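Here it is, the structure in full.
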Amino acid sequence: MRDSTFGRIIREPMGALGITLVVLIVLGALFAGFTGYNPAKLAMRERFLDPSLSHLFGTDHLGRDLFTRVLFGARIALGVASIATSISFIGGLLLGMIAGYGPRWLDSLLLLFFDSLRSFPTVMLALALVTLTGPSLGAVILVVVLAMLPGYARVVRAQTMSLKSSEFVLSARTLGARPWRILAIHIMPNLSGPLVILVSMDNPVVITIEAGMSFLGLGVRPPTPSWGSILNDGYAFIRESSWPAIAGGLPIIDPRLRRDG
Amino acid sequence: MAEPEGLLDIDNLSVSFRTPRGDLQALRNVSLKMGKGEIVGVIGESGCGKSTLINSIIGLLPANTCALSGHIRFAGEDIVGMADRDLRRLRGERITTIFQDPMTALNPVLSIGTQMTAIQYRRNSSPREKQRRTVEFLEKVRMPDAEKRLGQYPHQFSGGMRQRICIAMALLTEPDLLIADEPTTALDATLEVQVIRLLRELQRDIGCSVLFISHHLGAVAELCERVAIMYAGEVVEQGSVRDIFRDPRHPYTRKLLECDPGRILELRAVMPTIGGDLPDLVHIPKGCIFRERCPDRFERCSERPPVETIRAGHRAACHKARELANP
Amino acid sequence: MKPLLTVNDVTIRFPAANRLAARLSGQPRFIEAVAGVSFALEAGKTYALVGESGSGKTTLARAIVGLVPTHGGRIEFNGERISGLSENRLRRVRREIAMIFQDPLGSLSPRLKVRSTLAEPFTVHGETAGIERKIIALLEDVGLPAHFAERYPHQLSGGQARRVAVARALALRPKLVIADEPTAGLDVSIQGEVLNLLRDLQAKFGTTFLMISHNLNVVRHVADRMAVMYLGRIVEEGNTAAIFAAPRHRYTRALLSANLKPDPDHSAPLIEVEGETPSLLKRPSGCEFHPRCIFSLAVCKQQAPKEQIDAGHRFSCHNPG
Amino acid sequence: MLAYALKRTGLAVIITAISLILLISMIQFIPGDPAAVLLGPLASPEMRELFKQQMGLDQPAIIQIARFFGRVLTGDLGTDVLTNRSVLITVVEQLPYTLALIATSIGWSALLGIPLGCFAAVYRGSLADRIVGVLSVSSIALPSFVVAVYGLLLFSVRLGWFPTIGAGDTGAPLDQLYHLVLPSLAVGLGWVGYLARMVRASMLEVLSENHIRLARAFGLQERTITYQYALKIAIIPTIVILGMGVGNMISSAVFAEIVFARPGVGRLIFDAISTRNYPVVMGAVMITTGFYVLCTLAADLIAAGLDPRVRSAL
């Protein structure tokens, strides 16, 4: 079944493009160190160069090679995405199952908690949080988790509740199966598939949160390159050269080009 | 005026659907005639092609239909190959339908008055006249306080009431042909009888023909004059209800009647069954379609059986049709 | 002989769907899905609960296996109270009482092979020795070949799925099996197979069956005793043959008359019932069947009928047939 | 409907209260000394102590929360550290700019996205559907800050068609509208595709329902079926999504306000962070969160009102 899904994605032109871009980004992140440039080293004589064979995306206001910086930015983006997504996935699955299967009072309590977290606009949450912690990668991850986890938990809860009253769960209960067994054997296998799809669809959102926070200067500290901070540098010098802005924006756009409808 | 009494003439109809495993031959060489004002039952178990038959008659076959051959002549016009516009002129005016599940058959956000007026869009009458007609037909299906309930929404009616509304809608245009697709299956027994009685009364009133699809032998015996038995996409036997129920000639019909606990009068420990499974309609076996499960099979069954006429209007597709008489 | 299962004046309540709306409109905040039901099941026999939708028969069955809490009365199994037990104390009883659910496919875990589904009762109760052999034997008991152990539910037909569900229910050789509409949704040709299977297993293992059904034709053939339920109450109870021969409650009669005969020469008798089952939120006064009963008397509207017993045949009707 | 409305409103009040508690208790949960972060590394220990006392941070958490609620209920969100003005007034002054931006963005993206989604669902599988699919996927692909920077680069810096900064002169609606074009493009563009896709999905679901089959069997015209029978149902979840979309748009507005140097709540918070003006940050976050909860409440109530199943229930 997995094969046929993958095959279908590949046959769709947008899907094939999306997969190619994702592969490119992963490869870029892996080989970021092989471009021959240091992403943080200043070269004031080479400021604002247009793209050329030696600088594929040109250079920024400090003469750094933008292509190298974009590739290193992929490391940050993918790193944040994979850590934050894993935490949200596991947390959402566990909390959602507890809310959906557990006693009613616990469900109501958890639901209020999820909904309250979801009632913050993401950027507002980030701003309020970073005022207290100062900008850091940890803050970015925390914001992503707080933004994504309640949504996943809600989906898992709804699914768990409908599975809870399904006849196969009821029949496991009449056999005397304990709750943990029902959750692990009968409920979780029917949840994780849809959740994996949901989470992978949300990947671009996660990358956007990271880039957005770095764009506002709330994420990674300079000179570490993040796509958001590259874009922000480009924005600051937009009248001097277009290339830094373009180079920072492109990679934020492209992992989202995938077909999910 | 070739056949003045004929209303619907399904002639050698075959329908196939494209599936990932290959082409599924849902209907094969189905022939069935209906006269004006006649009530014909179609009996068949799941997978026999009942829904495909209905969808072919109302011209709403799904998008993966890959082959459609034969003819469906309705009042002389062939529905197979008819343009969409002409089909739509028939649907809801001369051919109407009642579906199985009354709980999902009505639009949840439109009041029943709106829905029943909407289907009268072809009439040149005033809105007030349309509403009067709506009330008249709701009263015909014994809806109490019909006029007051026009503004109510489907969820405010019980399942039985919703099925009555569906019947009222289907008869509102005084159609020539009413297709009733398992209209009582989702209802309780006490409601089923009420709905069947109602259908018969209204049919007499309006004079339409009814194609009544069901797997409930009792309901068919109660309502219909003639009946066709379908199995795995073919009509294996058809005739008057009395002939079919008293003197079935196709082994499948015989088995089906035998299995119905309602026909088994003396109590018995072991219930009769038809062994085996439905054949695969993607890879149709050669010869008789029922051969694998037939208790009376013999060598000649590997050839396709002819349609034998037992008596006027009673036909069975079996090599042994003439021999298998009831004692 | 002591009965295997006794249900004594059991009441089951559910909160109304919207409690706030109920309070605002003054409607009751609870519905009584089962209202004071009593009956007893003899070991080795088949008992049928009959009723239309909303009669509370499925709810009652689920309460017996402990899936739904009871709010009054007492359920005893083998002389021991099982209503109101905690999950942990109930676990021991669950070896002895099995349930077969209505939807043949829906009662099988979609991601588990037949093997794992059949292994579950043994694993849950810690009887893992020789489990492989037991699974094959179970499949054989229900007439399925051993290679079906490798199939997933979606690869089974309706009849095959039903057989697997029966096999699982019988795995631990329970004393009591509750079958909720065991033939609903199955074609006539497969109904017989399932009924025969249940009867064979009853003969082989001496199992007691509690069967829930709306199909009177089936009940007539398989049940020794039966109870007819209406709006959560038993209106008539007794020997199946006796009830079919001479139904006393008017609702039972109506139900029997609505059972259309597959016989062209047999025209159904006069309909003895009008309208539809009322909502549990608005129970009628007096005899709750009176608004639909064509035989109702003045007293039916005011007074709930008392239960009468006539040679093991119970019914509650002011104007019995 | 009344019961639903009461219940839903009560829930909104509780959720707002809990989110406010979460917000202020963040100070407790977050490791490290907030005073140190807020005052910067150069602050002396005495200054930190004084700050803590001023903010009430030296009190136990429960007391802080109780006091805080008392103040919020009287409309006192604290004092701006820099100007000594009431935070409430500071934020409310900036609110209209943000609201105008969000309203314009929702407006144009809904006007474009909803019909696109309907069109794609009705002509499912056609070339038009595929084009809408590609368009919607690629517009979803665009985060607001990237659209903002690219829009600025292309339309303002390179082509010079639109102004780069500000919200336009007060009292000149046309000028203000002119200044809204690029920011609302940035905020709304991603929503066009999202809406189109959601509407397409819910339309397809409704079109496959039984009652639509019955309507077809009655020969109703496809136009009637699409707009009267199907869209009336499919629009209900879309309205709920629009309500939730406001949260997303508030976030996007922050970026648009910063990139185009527009006044607004987002810009206010951003500036307040750089001046370590903690009360303003908290006050503005509270007000936007409350506004967002109000929007989802309104959307849910409208959706419920459109659904006779909820409307006619008590």
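Before moving on, here are some points about what is shown:
A, B, C and D label the chains in the order they appear, each numbered from 1.
To be clear about the criterion, a contact is a pair of C-beta atoms (placed from the backbone, for glycine too) under 8 Å apart; a residue touches a chain by one contact, two chains touch by 3 or more.
In this text the structure is predicted, and so the values were computed from the model without any measurement.
Looking at chain B and chain D, the chains in contact with each of them are C. Looking at chain A and chain D, the chains in contact with each of them are C.
Chain A and chain C, compared by their mean Cα positions, are separated by 51 Å.
Work out the mean CA point of chain B and of chain C, and you get 32 Å between them. If each chain is drawn as a node and touching chains are joined, the picture fits none of the line, ring, star or complete shapes.
Touching chain pairs in this entry, ordered by label, are A-C, A-D, B-C, B-D, C-D.
Considering their complex, residues 166-178, 181, 185-186, 189-190 of chain A touch chain C. Against chain C, the residues of chain D that register as touching in their complex are 2-4, 6-7, 313-314.
The residues of chain D lying in touch with chain B in their complex are 209-221, 224, 228-229, 232-233, 236, 306-309, 312. On the chain B side of its complex with chain D, the touching residues are 58, 60, 87-93, 96-97, 99, 101, 104-111, 118-119, 121-122, 152-153, 155-156, 166, 169. Interface of chain D with chain A (complex): residues 11, 14-16, 18-19, 22-23, 26-27, 30, 32, 34, 37-38, 133-134, 137-138, 140-143, 145-146, 149-150, 152-153, 157-158, 197, 200-201, 247-248, 250-251, 254-255, 258-259, 266, 269-270, 273, 276, 278, 281-282, 284-285, 288-289, 292-293, 296.
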